[in-house]
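In the part that follows, the structures are each spelled out as structure tokens.
Both complexes below contain chain A, partnered by chain B and then by chain C.
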Partner chain A sequence: MFDIKKTTQPRSLEEAVRALVADPSSKCIAGGTDMLPRLHRRELGSCSLVSLGNIQELKNISETEESDLLIGPLCTCQQLTREPLLRRRLPLLYQVFSQIASPPIRRMATIGGNICRPLPGGDLAVLLLALDARLYIQGPASARWLPIFQLYQEGGKLEPQPWEILGRILIPRTSLENNQLKYTKHNSSGPSIRLALRLERGEEGCIKTLRLAIALPGQWPCTQPRTEAALRGLSPAEALEKLPQLLPKDLSPLHHPQIDRSSQLQVAVELSRRCLTKLIQEGGPRA
Partner chain B sequence: MQKNIIGSSVSQRDALDKVTGRARYTADLCPKDALVARILPSIISNGRVRAVDLSRAQALPGVELALSCFDVPDRPFPGVGALYPQEQTAIRDRHLLESRVRYQGDPIAVVVARDECTAAQALEKIRVRYEEYPASLDIQSGLQAPGLHQNLFSGNLLARENLHNGSMGKAVSRPGLHYVEKNYRCCSRLNPPTEAPSSYAYMEGGQLVVVSSCRSLHALRHILSLALGIPSGKIRVCQPCVGAGSGERLEALYEPLNAYLSLRLNGRCVRLSLSREEALACSPREQAMDFQAKAWADEKGILQARDMKLWANQGAYACNGQGIVGRAIKNFAQTYQDAGALNLQSASVYTNTAPTGAGPASGYLQAAFAQESLMEDLSRSLGLDPIEFRRQNLGDLGQDQRKRLEECLNRGSAAIGWQERRRRYERQLGSQRRGLGMALFSLGDGKTAAPSELATARMMLEADGSVQLQIGASGLEQGADTSLLQIASAACSIPMEKIHVPPLLDTAWAPFDSGGEPGHLSQVRGQAVKKAALLLRKRIIDYAALLLNCPADLVFFDGRQLLDSRNRGQGLRLEELAQRSYYDKEHPLPISAEASHSKRESIPLCGCAFAEVEVDISLGQVKLLRLVNVLDSGTLINPALSAAQARTDQYRGLCYALSPGLAEGANLPPGPLREYLLPAGAEDAQMQCIFVQQPEPKGVFGNKPIEGMAQIPIAAAIRNAILQATGVAIDEIPLSSSTLLRRFREEGLLPSFPLKEEAHV
Partner chain C sequence: MSLQIIRCTINGQERELAVEPGTSLAEALRGLGLLSVKEGCQAGECGACTVLLDGQSIHSCIYLAVWANGKSILTLEGLKAPEGALHPLQQAFIKEAAAHCGFCNPGVILTGVEILEEGRSYSLAELRQRLSGHACTCGGQQNILHALASVLQAQGLLRER
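Right, the complex of A and B next:
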């Protein structure tokens, strides 16, 4: 039972934005794996849909002249795992996407949906946060680039306005080359805690850049700037020792009926520690 | 008799229909132009509906009918879909719609519209004014709160059962006793059926017809008659294929309301299907139980005394859950014996949570967790081997049962390598540790039989020599259609492929079947089928004797042809006989047989589980490495089906042990099904179920009702394995990450991080 008033199928990003502006009750639909269940539960009442499925430019994967990666938000999870360019430049995506949901969902679910609705299955958001991805946001008058960490605002809001559309995802070359990347999640039957860690090592193997993105239950995924800054310049051994002391001060777990706040901290710290240990081991004494 | 069909793994009769999607369920059969009913659930947990404004809903085009709790008859009926529909035992605590709200989700209004969208829009236009009372969501607050069903009970105590043996004072005053005192806790668990509950109702031929996925055909008809105040002869209930494999959907949910709506609309067809979320919110669940346990044992490890208090959270309605604490209590008393004294007290308590119900293992499941945790804790404090300790304290199970339990224990410990691995896992260090644990169970002594479980079977020989088998309810595993066909074939000698059983049941022809505990009933149903088949065989032979002009005891029948054993040349094929039974000019006499069986005694059953786990202490993760179940199964009628059933039950046991359950007081719909997953950490486990096949003399063909039984000891076995691995006893189910981490912190295995103030969401 879907209470849909009208569906439009624009062919360009600009046209889609115009449709959203024209009818404030309308919503975008991409893969539908999140939208259709919500419509079914009547969370959105009766609404109009703007289907993005016919906009070809949203489905491309390419490289810029600066060797940054560009990913169209309408690429499905399955498509991303099969794309040779991504397999070469960002093999971790395969690992992440092959863990998401089930094959039928992976065929339908899009990377854009995963970014804009990261709860509870948004495995990708932490990874893109760790990679310092940038998002191209198309509005009615102009378009702009938004660092992904600015996307997720307090109070469960997204930064862009409801009539703006995510047009492209850029992963900078500087996050891909000479960087190590790890993704992990808590293997529990309850709500999962997910984490991605990016490490760039400098002189004598010490920490040059460290990005740690964590998604705790009921919260937007976010990076941990204070911990990251405090670990910069440290030797691997020092960083491993400091991490469990710094990180708990940065995190603010929320009450969740299935996992208490202390346990969330324990898991987040332990997963981070293990990820960092692995990256350091894999990188050898000098990355 | 065609005996070799028993014990043969013929494939399930409806397997192809099920896997190709050809099988038709209630919602598939509903006419496409049926009107659609949707229910407005209460948003408060406890209180009264003071006013309902339906005017805006009624004004919506396409709405045919909108009713509030004030517009339906005040006629109480039981929600019990099974067990004993007699008025004296079934508690009539439900109404079509409730003005006295007892849990969040109680139906308070309903709309019927031309389609789902209109019905949903209409629901959103209903305005309700409540008078809200404080909600009691847990057992203790339920005990203190004013009675939820004041016309039936003064307080909230629904069922109470006690048992005392010996003098406690004398038993525990002996010097030098070891003593353990513990609180064990089992959370509530949902048993969502695969098929979301669905029904439709219409009038035809002066009868009200209700098609439903409820599995208790005749009990449902009785409930409908009570709820609607019309004689049951005016009601026809049909049950198509049901997607519920392990004992769900025995209860009536909204069928009475659905039927009432059709009556109000002059018999137009009305459909009432629940969404998955609605179904999760109102479906009866497994009872949460709290156990306060004390136990004393002497130096040699002889159990001297036990004192147990058991409280069960009944939820807002009795459903069919009131007997469950009694089951648990009996189980405590029977499995082990106390040299000195035993003191058991139990009660189930109405609270403002969703109703609970009885599955095949309800009560046993919770009792096994508490009992087998207690035995483990006691053996550990005595420094004794857990199996030896249990062995020397086993109750008076009877010679046979004891022997079979011994064999289960021996085969289980051999399969898992008990001695060697227990030794290997002693004294480990580090975050990742392994452990081995076990638990056993033993049920039934033959004296607890309930009086009124009855099943009937009817068999008819068709003119082409095939046979129609008619039964009154669909069952599980050993009692499922395929096994019943095997039983029928074995008893009447006619090959199984010539016997047919319709997938859709209909009270218009289906013989009476009281419904009830799935396991036991499958046994009763099997007996009825066997009797009917033997009778059919006898009548076929008698008719052949008439045609062949030969004494009946000299007729030879192998299921295909009937011969005069004095002269093997003279005879006729079954097809010929069948045809003549309808069309013979001199002796037309269609052959059929009907037989009933009622339960006289329950069949004892036992088993055990062994679990090997790896615990990651820092992450609170349990990885199940191996699970070995051993079941005292009797002869298996269909080993493949039994193995599949046991595997399902193993998963259910794992879910019970490991999946996040419904937190205390979690009254709300538990959220989307995606948060209610199969337990993590069990994907790669090696799982095995060993059957100890000692023919059971009381069984239909030596079999036992093992449906749902393999799950009973699993939670305790895993808990005991975690205890060996980490030295930490987890005394509550589920054994979730959160619980494990909290316990590890409490025991000093993990640090406690300082928590910041909770951020504002």
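Right, the complex of A and C next:
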């Protein structure tokens, strides 16, 4: 028996926001694959739940007129592995979804739940960070778009407010077209280090945009703006040479009993170097 | 704490249940005497609590009973034919000695039934992947795999690759 005082099952986003405002102690629940085990382990106190499962508008996948990709946060991993639009526009995301957890969990777990609860399990947060995804946040009075990196700033304390709900995930066309993307995860012993790298090449193959998102053990996922800026405009060979010198200055790993700080840095640098090497070897689209 | 009324079909019978907001589907089903639904890890990892919800396998320990309103649920008790005959997969489990302690069997069999009802062909590697949500701590995975594969083979749905 979970320590739940009340479960509300709204049928629209607005109704869900109203339920959160009416009871500020209540929490949103999507697929429940993370929250219910946490309630069972008593990591969360007694609470009321606003269950989003009946809100159909949060389960759609579509394209905007500008060819951006719109994903409803309640889309389950299984739904996303079967979605032809996603397979065509973003095959890597499709591959990542088909590897997450076991089939029954993929049937219940949602993309919204995965990115709103990225610590410690979220496989997708780094990928969506690398893609410069934007989040549509619905509040009681208004709605707004939030760049995904803000969700994880300052330990995730800034955004969104407890009475706001993630309504849509937008992946911009500019991150999808003429871009190369790699995702990798290191977890051979102990906690995992996840990394996603997006590369857009400019004239003569030089780096036009490089977005590098990393999640180290016990930390919120984040991009590496200083390294990204320093590598912009360089040739692939120059970027590969400079990456191992630049990246360690950007990262601040925390002590972890199973993997010390220097090993975390070493793994992160090596994963980044391998991803960049593979993308360069694949020789993706150029401007 | 107020009770909530849900209506659902359980093993072919329409039922009306009064459940507390924090009751898991596994607890609600066990409360009805459907003891094939095992409560193992209660974290959605071991698969012992697997039931079919509208034909799809789910971990009922991390599924709230109130979410089952309007759904159709199948547990192992509902698999038996009216005259008492076992499902072909259950017979294959006996033949392949796939039951050791038996704790994981109800959940694995229901996932197997879901696979068989899909009517598509599988390779052994794909079957292993599909069964990855079930933990058999007795180490009986190979026999379980062979039992499921034998039924698929009899239906001409087992691929070499």
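Observations on the model:
What we mean here is this: the second predicted complex is superposed on the first by the 279 of 287 C-alpha atoms of A that agree within 3 Å, B and C clash if a C-alpha of one lies under 4 Å from a C-alpha of the other, contacts with A are read in each partner's own complex, and residues count from 1 in each chain.
Keep in mind that, in the parts below, contacts are C-beta pairs under 8 Å (C-beta built on N, C-alpha and C of every residue); 3 or more make two chains touch, one makes a residue touch a chain.
Remember, it's a predicted structure, so these values are computed and weren't measured experimentally.
The larger set of touched chain A residues comes from B, when the choice is between chain B and chain C. In the superposition on chain A, contact is made by A:Met108 with chain C only, not with chain B.
Of the two partner chains placed by superposition, only chain B is touched by A:Leu271; chain C is not. In the superposed model, A:Gly190 lies in contact with chain B only, and not with chain C. Touch criterion met: A:Pro37 reaches chain B and chain C at once. In the superposition on chain A, A:Arg211 makes contact with neither chain B nor chain C.
Of the two partner chains placed by the overlay, neither chain B nor chain C lies in contact with A:Lys182. By the touch criterion defined above, A:Met1 lies against chain B and chain C together after alignment on the C-alpha atoms of chain A. Residue contacts after overlaying the shared chain place A:Gln258 against chain B, while chain C stays out of touching range. Annotation: chain A residues 1-3, 37, 40-41 touch chain B in one complex and chain C in the other. Listing the residues of chain B that touch chain A in their complex gives 115-117, 120-121, 124, 275, 277, 618-621, 658-660, 663, 666, 672, 674-675, 677-681, 734, 736-738, 741-742, 745, 750, 752-759, 761. For chain C in complex with chain A, the touching residues are 1-2, 4, 20-24, 27, 42-44, 47, 50, 56-59, 61-64, 66-67, 111, 129-130, 132-133. Against chain B, in their complex, chain A makes its touches with residues 1-3, 37, 40-42, 45-46, 120-121, 155-156, 186-191, 218, 248-249, 251-255, 257-263, 265-267, 269-271.
Within the complex formed with chain C, the chain A residues making contact are 1-7, 9, 32-33, 36-37, 39-41, 48-49, 51, 53, 101-105, 107-108.
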